[in-house]
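In what comes next, chain A is part of two complexes: it sits with chain B in the first one and with chain C in the second one.
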Partner chain A sequence: MMDRRMVLALLIAGLVVLAAGPAFLSTHAIVLLTLIATTSIITSGLSIVTGLAGQITLAQAAFCAFGAYGATLMSSHAGIPMWVTIPVATVITAFIGYCLGVMSLRVEGHYLALVTLAFAGIVNLGILNLADLTGGAVGHAVEPFVFFGYPLVSPTALYYLSMVSALIALWGVSNLIRSRWGRAFNALRQSEVASMSLGVDVRRAKAVAFGLCAGLAALGGALQSLQTTYLDPVQFTILTGVSYLSVMVIGGLGRLSGAIIGAAIFVLMPDFLGAFKTYMGLIFAALLLGIIMIAPSGLGELVSRHRWFKSPEATS
Partner chain B sequence: MDILQIVANGVPAGMMYGLVALGIVLIHNGTNVVHFGYGEQITLSAYIVIVLQVIFHVPFWLACLVSIVLSALFGLVIYLGILGPLRRTPLIVQVIATLAIGLGIREGLRAFMGPDPWPFPAIVANKVYEVHGVFITTANIVVVTVSIAIAALLFLFFRLSRYGHAILAACESPRGASIVGISVKQVSAVIWVLASVLAAVAALLMAPVLTLSPDMGLIAIKGFCAAILGGFVSLPGAIVGGVLLGLIETAAGYYISTATKDMVAYAALIAMVIFMPQGLLGKRLIKKV
Partner chain C sequence: MSGLLSLLDVTVRFGGLVAVNKVSIDVQEGTIHSLIGPNGAGKTTIINSVTGVYSPSGGAIYFDGRPLAGVAPHQICRRGLTRTFQNTELFGEMTVADNVRVGMHGTAEYGLVSAILRSRRCRIAEAKISERVGELLEIVNLADQRGTQARALPLAKMRRLELARGLAANPKMLLLDEPAAGLRASEIEEMNATLLMLRDKLGIAILLVDHVMPVVMGVSDRITVVNFGQKIAEGTPKDVQSNPAVIAAYLGH
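So, the complex of A and B:
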């Protein structure tokens, strides 16, 4: 066991390395690290809703789309700077997520997964069909991030912006996990009935978890769009949402570190495979299945559900 | 006339969704898992036909037959290799496993067969008939006939055969069924095989009408919609839900715009889950502690 001072020292050392990173890293490495930072904001949302609260969502990419498109469209149509529109889009998306959570209160398990699937489908079709607003299948250029006259567009500037945002987001989530809400999410994953009888407002907790998850996705998606500089509806399909969930499972659903590991896998795997990129999806699926098969109880323990959800054989 | 044409187009489309829903509901009833990779299983069967026909020059009917047999085997492999061993794990693990199966098939097909669509031969030569101003294609007639035949066969199997009764019993109460001597494991295996055969048949009907590309499996979302409309537990409900969805979609495509077809279908899913989760023909589930 490491004591507190040791952890603190490691944390500070890590922060120093991250802060000094751009001084000695290649541009390619900076770009990849920036992507990992923004993706980990997106996946940390999943670690709240799926990892902690035990609800399956396939709509994470759709919430990213809300954040990315929301920020850019508000900026390009109304002329509001991006540093204002990104937080605004994040809050609005969190509210949309909250509403989706409220609407899905009565359903759980499969039905929730199906609702989020359909929601993701509608969002993607909406982007494709509202071509006047969103650019449709062609896409839409992202407005540059200008902060009081200083444009933050270089890889290094975006690196710092994304890193700081990701650290704040992850720090917030890790505090949330240990807060009253975090304990409520944890309880409702293990047994909804038990947590209800202990005074947890299950419905509200679920909706809040969804809202937070959506907000984080929007923030991550918007920051990511600053780096990609172009919005392509292909980035925000149902399949991307499934990929986010998959990397979280590979990274580890139960811990916040899983969000970072998952994000790293999501970003680095295409880069790492290089010429074998065509087989990436296949390798990815095999990896996912392998992890599930080898450690179903490990994973299961982390996301154990109450008896209603287990197969009848297991309960009787 | 408009309405007749909507019915003539909507019913065959709905029958296809109903077939997909049948497979999904079968697996769900038997094993309590919604198979998120079912659409990809359908796509895989269609690709097997193409590979056999184009690369190995096997006659079309034989290719179809082989595809059905291979699909059945594949279903057995999924059950024995993946979902069988996982049956005691939490639901979320099983859902992710089925998602992974779908991902593997889709990306595997994309890697080995390319992302571009393949032309799929029609089962019968395509002709268009005009009846009192309503246009009906042979493809649609085949879809409706085969779907009704399959639904009838399944109905008879579950109502009349001892084996069908055993499956229904095991779905109703696995514990009770095993007490009276039904092997629940064997029933689950049979259900996976049955659903996979259905997937192959659905593939033969759909592939000529839709575009055969690795993403054809997304049609399964329509299957989910149909299943939810029908209540998710009832087999006739799956077909009814499918036809209803086909009609809603075609009407939306006709009166609003074709672009809204899919959106209306997905919105129907969400509305149904929120306001009527028990579906049209399902029973309300009562959660016991």
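So, the complex of A and C:
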């Protein structure tokens, strides 16, 4: 166990490296790091709802779409700047996620997975068919992020914007995990009947977890769209939702570091494979199976000994 | 209907099977009341209807003067009635301390936004919770196990942890479903001492379901005996032990 000062020193060193990154990294590396930052916001939602609360969701990409389309459409139709519409879209999507949670959490396990799958399908069909609003299959240009007259569009500007947002989001999630809510999510995954008898409103807690997860997806999706600059329905299919969950399994569902590792895999693997991209499905499947067999708790277990989900007083 | 917990002619039917037939029980404040009976007598069914897992087909249940019908399990807990489980339902992947903290979920005084921002309010509440965890673990003699994973504990300690977790919800009454099953003689004595301490020092009423006679006879103020879903006897441990109907139920005619 590292002591507190050591952890703090490493944390500060890490922040300095991240802050200084654009000074010595190539544009390509900056773009990738930005993508990892925004993707880790999306996957951190899954550490709450699936990792902690144990509810499987395949709708994460659909909630990203709500954030990305919501922010851009509000901005382009009503002329509200993106720095306002992104948080607004995040909050609205969190509410939608909460409602989906309330409606669908009467069902459990495979049935819940199917409900979220259906929801993801409906959202994607909605994007394709509401062409007047969303641009349909053609897509829709993303409004640029302009902050009081300063447009943040360069890779470096987006890097800082995404990195700061990701750090704040992950900080919030890690706080939540250590709070009574995190404990309630963790408890209800392990025994619903015991949680209930101890005063945890299980159904409400699950819906709250869903709402938070959806909100994080929306924030990550909206920030990501600033970088891709174009909204294409193909980015938000059921398959993407399944991929988010799969990289989380590789990274480690049970801990927040798994969300960062998962996001890195999600972004770096296609880039790393380059010309061999055709084989990506195959390599990805092999990696997933290998992880399930060798380290069921994910890469986070192998890579780091530091347990984010463990309370500081844990001895073993 | 004078007790803290009153069951009035409670009946539970599963299809054509009458699992509990017009059973009335009154548990007085600050007493230990045992519910015993042979296997399949309906004891756990009674517990489950009190805690809202089943809804009785007939009769009424009052806790602290208010009816419990249709009240969700987590609400029942917040009214001051907490239970433990026959086969222990601990959160195995959490530490001993965190198990107890879950018991304080309903009484912690901070909201979701506070939790995410780890506000001052949240930190103060969490500090209070940690302090209370220490006190409760002291009561059940697990203070040296704070950081152990719950699933790594031996059975007797698991039972005591369940007790501490239940106490964390600040109950007026505990419903204990076979807390002594599978314990060794020395562990049973320890359990007896703990139960009596809860009654005498903390003033908590206990409804105890168990087969282990050294516990039942050692701590109970009153005992209700059920067989085939019917109440066949009630009284002090002495009365019940000499009751012919009880002897017949346990030993056969």
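Just so we're on the same page, the second predicted complex is superposed on the first by the 294 of 316 C-alpha atoms of A that agree within 3 Å, B and C clash if a C-alpha of one lies under 4 Å from a C-alpha of the other, contacts with A are read in each partner's own complex, and residues count from 1 in each chain.
To be clear about the criterion, a contact is a pair of C-beta atoms (placed from the backbone, for glycine too) under 8 Å apart; a residue touches a chain by one contact, two chains touch by 3 or more.
Here the structure is a predicted model, which means the values were calculated and not measured.
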Query = When the two structures are laid over each other on chain A, which of chain B and chain C touches more residues of chain A?
reply = B
Ask   = Should A:184 be classified as contacting the first partner (chain B), the second (chain C), both, or neither?
value = second
Which of chain B and chain C A:18 touches, first, second, both or neither = neither
Inquiry  = Output check: A:175 vs chain B and chain C. Expected answer is one of first, second, both, neither. What do you get?
reply    = second
Query = Which holds for A:31: it touches chain B only (first), chain C only (second), both, or neither?
reply = neither
Message = Under the stated touch criterion, which partner chain does A:202 make contact with: chain B (first), chain C (second), both, or neither?
response = second
Query = A:269 contacts which: chain B (first), chain C (second), both, neither?
reply = neither
Partner chain(s) touched by A:193 [first = chain B, second = chain C, both, neither] = both
Ask   = Touch check for A:152: first (chain B), second (chain C), both, or neither?
value = neither
Query = Of all the chain A residues, which ones make contact with chain B and with chain C?
reply = 193, 310-311, 313-314, 316
Parts of chain C lying in touch with chain A, wherever the complex brings them together = 51, 53, 72-74, 76-78, 82-83, 85, 89-95, 97-98, 101-108, 110, 112, 115-118, 122, 126, 129, 146-149, 152, 165-166, 168-169
Task = Would you mind writing out the residues of chain A in touch with chain B in their complex?
result = 50, 54, 56, 103-104, 106-107, 109-111, 113-115, 117-119, 121-122, 125-126, 129, 193, 238-239, 242, 245-246, 249, 278-282, 284-286, 288-289, 292-293, 296-297, 299-300, 303-305, 308-314, 316
Query = Tell me, which parts of chain A touch chain C in their complex?
reply = 172-173, 175-176, 178-184, 186-187, 190-191, 193-202, 208, 310-311, 313-316
For the chain B and chain A complex, residues of the former touching the latter = 28, 31-32, 34, 36, 82, 85-93, 95-97, 99-101, 103-104, 106-108, 110-111, 173-175, 184, 218, 221, 224-225, 228, 259-260, 262-263, 266-267, 269-270, 273-274, 277, 287-289
